[in-house]
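Just passing along the structure, written as structure tokens.
Chain naming follows the written order as A, B and C, and within any one chain the residues start at number 1.
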Amino acid sequence: MPHIDVELDRLRNKLLEMWDLVEYQLSSGREAVVNGDKELAQRIIKLDRKVNNFDIKIDRMCENFFALFNPVAVDLRTVLAILKINTNLERVGDTAEGIARFACKLNHPLDPELIELTKVLVMYDEALAMFTECRTAFKEDDPKQAKALIKRDKTLNKIYRKSDAVITKYIKAHPDRIAESLALLSIIKKLERVGDQVTNMAEEIIFYREAKVVKHRRKKKKKE
Amino acid sequence: MTNSEKNRLKDKAFQVFGVFCTFIGLVVLAIFLIDIVIEGIARIDWDFLTSLPSRRAASAGILTAWAGTIWILILSALIAFPLGIAAGVYLEEYAKKTKLSNFLEINIANLAGVPSIIYGLLGLELFVRFMKLGGSLLAGALTLSLLILPIIIVTTREAIRAVPRTIRDGSFALGASKWQTVWYQVLPSSFGGILTGVILALSRAVGEAAPLIVIGALAYVPFVPSSPMDEFTVLPIQIFNWTSRPQAAFLTNAAAAIIILLLITFLLNGVAVYLRHRQQKKIKW
Amino acid sequence: MKKPSKLEAINLDAYYGDFHALKSINVAMEEKAVTAFIGPSGCGKSTFLRTFNRMNDYIDGFRIDGQILLDGRDIYANDVQVDELRKEVGMVFQKPNPFPKSIFENVVYGLRIQGIKDKKILQETCEKSLRQAAIWDEVKDKLDKSALALSGGQQQRLCIARALAIQPSVILMDEPASALDPISSAKIEELIYELKKDYTIVIVTHNMQQAGRVSDYTAFFYMGELVEYAKTKTMFTSPHDTRTQNYITGRFG
């Protein structure tokens, strides 16, 4: 295998490692929220430092790769994509940390009615699934899978858009549960962000595989 | 007439002049050759080549002369070849660029231009009298070797210089000594060039009469030399001798001998051209 | 885990007559790593490279002060035989310089001059070296053909095989790919990357991208001085000296 491919593989593997770590953060976050496991939440918060280290390390590796190999064409796009996905992953990590912080605040048990009404767990599962599939799409260089992901972001957005009304209604009915409701609303907002980040990452995958810029395209269509 | 038309005209004029100059030499040579051939070709037969010299023109042959020439040729080659190459290799590969080596270089180049009669006098003093070799083949060959040595040295150096520096570097870098580099790389690569130079030098030696006359080669030798210590004659001396006779028949003999001498010279030059051509085809740097 | 240094220059000065070509160079090169020398023409990098196998010895008026250590031993000491040194330190030149002989004879030349005549040893070494130089498959059927008939890139790999045949531990390369087309050049680079597993390699290059791709360490020379010596990564992302920065970014002068 040519030297450049060896180095590129190292870079990709490093990113996948980081991806695993963030995935663990995110999926544990769900557990912490559902079970009110504050210890787990603390652990998630602490993991953020590790994610940050990955972020710096991958930035550094990309910088070296540019400097030493002067990549062009697909190599260039791959490293650019890795650089951006790295940033997105770090954000998702931050988001997972944020969710964990709210999990600490939540008083348990959560009202099952609220969970049912807001569909927060449905949303969480969808976000997690998208996140995991995006990793597969990256690992297998599969732009088709990435394209499918972008469409799935709509489900998250739909739930998010309704959540304001749902929560308002719930608070009116249960004024004693305002704190809990607001925390849950924040978590929903964060999950919506996760969906956006995954979409961004999927767009990067399409960019480096097919050299097509897909981001910001939807908005243009709407304007027309 | 415009300037550029003038220029073109000048250009044309020079071309015509150039062609004239080129042909003038060739034409003179051709006339000379044709004259000689017409004069002498009829005289050449087997008897002419195998007969001893004689007082009577009709029965005189050139056996001793061409045998002497071949002897001289081989002996000179044997003497001058190793000496010339060794000196050339030394000057090119080993000698440091000092004032002494510069002095040597200039003088070797000068030696190549010294008139051959001077070499004859040197040979007479050194080989014939001092070394007591007499007017023998060996003395003649040694004298002619001195004459062609500078030419061989110069052509050897040129041939060696044509071997790229990178080949030597490659050999040295693999741990070869200077001698190994010269022996395995430089000489094989330049051998064609060296040989060409040696042959051209020999073909010059073949035509020399003056130095050999000076050291005492005889015009009349009634036997074919059988050892380097024998007395001898060579074709140019035989020719010189015949042309100085009053009888017309001897002039015909001389013309015939000239044809033989020219054949030997052309043959040597032909071999040299062939070797150079083969060398160029075999090795392209 | 720091590997021991294979080659080391201590306070090295070099002169061509009155010209001060290298000015008190101090550098230590790691074993089984690739070190690249970069710098503008005439900066002394080739001169420096050639001190490691004493190729400068034949140049009139060349002399050095200071020491060059190979495995801790001064190679300019009186008891060092140059031919022994060159068995240890092989060299590949800028222009491919195969001898006008067969491919086989080219590869075994180094052994022949050591007096090795055993056919079996010669053949085995020939195959092994050609394989190492990644050219065996291309030439195995024409070992008795002239090396001059090969393409430039093949000739250069043959020259590398020739250097490997005498089993050196260090290989010096003086712009080994600069006379080649990009594909041949890339092959040489891949080869260098493979060879560094077993050999200590020092390469002079004008091509900064090449230095980046193949080397672990880079030394930048300017006007006979060693301006900067660092890991290639560091050198190419955050050089310490402004002159280095200007040179590698192409803003020199």
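The rule is simple: a contact is a pair of C-beta atoms (placed from the backbone, for glycine too) under 8 Å apart; a residue touches a chain by one contact, two chains touch by 3 or more.
Since the model is a prediction, treat every value here as computed from it, not as a measurement.
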Completion exercise
Nearest to the mean of all protein Cα atoms is the Cα centre of chain C
Practice task
Would you indicate which pair of chains has the most C-beta pairs in contact?
Solution key: B-C
Handout entry: Furthest chain, CA centroid comparison against chain B
Key = A
Exercise for the section: Go ahead and note the Å separation of the Cα centroids belonging to chain A and chain B. Expected result: 92
Fill in the blank from the handout: Distance between the CA centroids of chain A and chain C (whole Å) is 49
Handout entry: In the complex, chain B residues that touch chain C
Key = 96-97, 164, 166-167, 169-177, 180, 184-185, 188-189, 282-284
Fill in the blank from the handout: Residue set of chain C touching chain B in the complex reads 53, 55, 58, 60, 82-84, 86-87, 90-91, 93, 95, 97-100, 109-110, 112-114, 148, 159, 162-163, 166
Fill in the blank from the handout: Touching chain C in the complex, chain A uses residues 2-4, 63-64, 67-70
Handout entry: chain A contact footprint on chain C (complex, rising order)
Key = 186, 189-190, 193, 209, 212-214, 232-233, 236-237
